[in-house]
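So that you can tell them apart, the chains are marked A, B, C and D in the order they are listed, and the count of residues begins at 1 in each.
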Amino acid sequence: MTIRLTFDPFDPGALLTEFCRGRAEVGAVASFTGLARAEAGSTTTLELEAYPGFTEAAIDKIAGEATRRFGLLDHLILHRVGRIAPGEAIVFVATAARHRREAFEACDFLMDYLKSRAPFWKKEVGPDGERWIEPRDQDHADIARWDGQRADP
Amino acid sequence: MTIRLTFDPFDPGALLTEFCRGRAEVGAVASFTGLARAEAGSTTTLELEAYPGFTEAAIDKIAGEATRRFGLLDHLILHRVGRIAPGEAIVFVATAARHRREAFEACDFLMDYLKSRAPFWKKEVGPDGERWIEPRDQDHADIARWDGQRADP
Amino acid sequence: MARVLLFGRLSDVAGWREREIDAPFLSALRARLGTDDPSLGEALAGPGVQVALDQVIVRGDAPLNARTEVAFLPPMSGG
Amino acid sequence: MARVLLFGRLSDVAGWREREIDAPFLSALRARLGTDDPSLGEALAGPGVQVALDQVIVRGDAPLNARTEVAFLPPMSGG
């Protein structure tokens, strides 16, 4: 399982360095890093809660689907939990494939899942108090792209 | 201009670390790393030639188009030239945007350009001799996706 | 003595995250939680709240034993 | 004395990458190169070969001066 949750800040570049090392047949590595936005000062902290064990298992299931669907050679997913300050990395996903199309699509697919359906509960804590975040409409539209066949592969 | 050519091996992770540093409003960073494949032992070395000045200017023009088209907040492109061994990074592209859709699409768009139309000349040198590489049919199909409007944005 | 876990806004409503509660069935546990704290009972019955027994989502009623982990999961927001 | 640059397979055909050649027009330069090395002349006239003068792609003929950089570019393969 190459899914990890961490309470500590992490460096996405260090993960990418490690992920690219010693690969002779891969060709293509796509990555995505999600950073906490300050929302022009309105958000001071993001709080993410996971259900340890359950959350990794749910993500691993989707990663297996991505592996089969896009012929991935490898993948790595790291997700922050706990209190996250603006500018800090929340999530890092890397995908390795022979060609770039598969690597990009798999990374995109995994991010759509992670941002809309993955078992996390998210709270924004700012100067005006705190509020729980529900998935945005755009997240639902993004994930719906992968249901059934895409017109544009 | 955030386009650089280099004769020396580079670490894509170190570039990603630098690219993600100190960003409070970005939200999304997509990256792509192209690695030289060994092609099951048939290729020992890749040789890439650029036209210094001309090549960077051509890529910078497309990067400007990507910035306008996808509302990029920043980008970074590093491309190897000279002799490249299997497993070494050939190209690194990073794109920063407020949301992931724009970051992914811009990175994909830039890679399609770099792999099919950018001013490079590529030679594979293996045990059976050397040969110049022309763009693959898939590369032409990939870049054609961006001509006109996409059905699936 | 099932181990009850509350996630997201449910733990804010209840004021606790984890508690040992004795109940032979999930339905009995829900009734017990609602009696002790009506606002939590209402939140648990709210739209999109799912229940996992030992980390597996279940629908309807189910028996509980002393070691069952019962997790109440509000709509998942993604990361 | 324009500065002539050959890229990709063109320099393999010619056996050189860069050379100073005296020619008042691009057409005259092409003729001169083809006379000195017919196989290079043929390669320069091949499909998809473009010419840049001082790093700007041109079509047709053009005057050259002593400092003009003339680059012959075979089809670009991408990186």
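By definition in this document, a contact is a pair of C-beta atoms (placed from the backbone, for glycine too) under 8 Å apart; a residue touches a chain by one contact, two chains touch by 3 or more.
Keep in mind the model is a prediction, meaning the values are calculated, not measured.
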Chain whose mean Cα position lies farthest from subunit A: D
Separation of subunit A from subunit C, taking each centre as the mean of its C-alpha atoms, in whole Å: 27
Whole-Å gap between the CA centroids of subunit B and subunit C: 49
Separation of subunit C from subunit D, taking each centre as the mean of its C-alpha atoms, in whole Å: 76
Numbers and ranges of subunit D residues touching at least 2 other chains: none
Contacts with 2+ other chains: residues of subunit B: 34, 115
Interchain contacts (touch definition) - all pairs: A-B, A-C, B-D
Complex contact set, residues of subunit A against subunit B: 11-20, 22-35, 37-38, 40, 86-87, 89, 98-101, 103-104, 107-108, 111, 115, 138, 142, 145, 150-152
Complex contacts: residues of subunit C adjacent to subunit A: 5, 7-9, 12, 52, 55, 71, 73-79
Subunit D-touching residues of subunit B, taken from the complex the two chains share: 34, 48-49, 51, 53-54, 57, 79-80, 90-91, 113-123, 132-135, 139
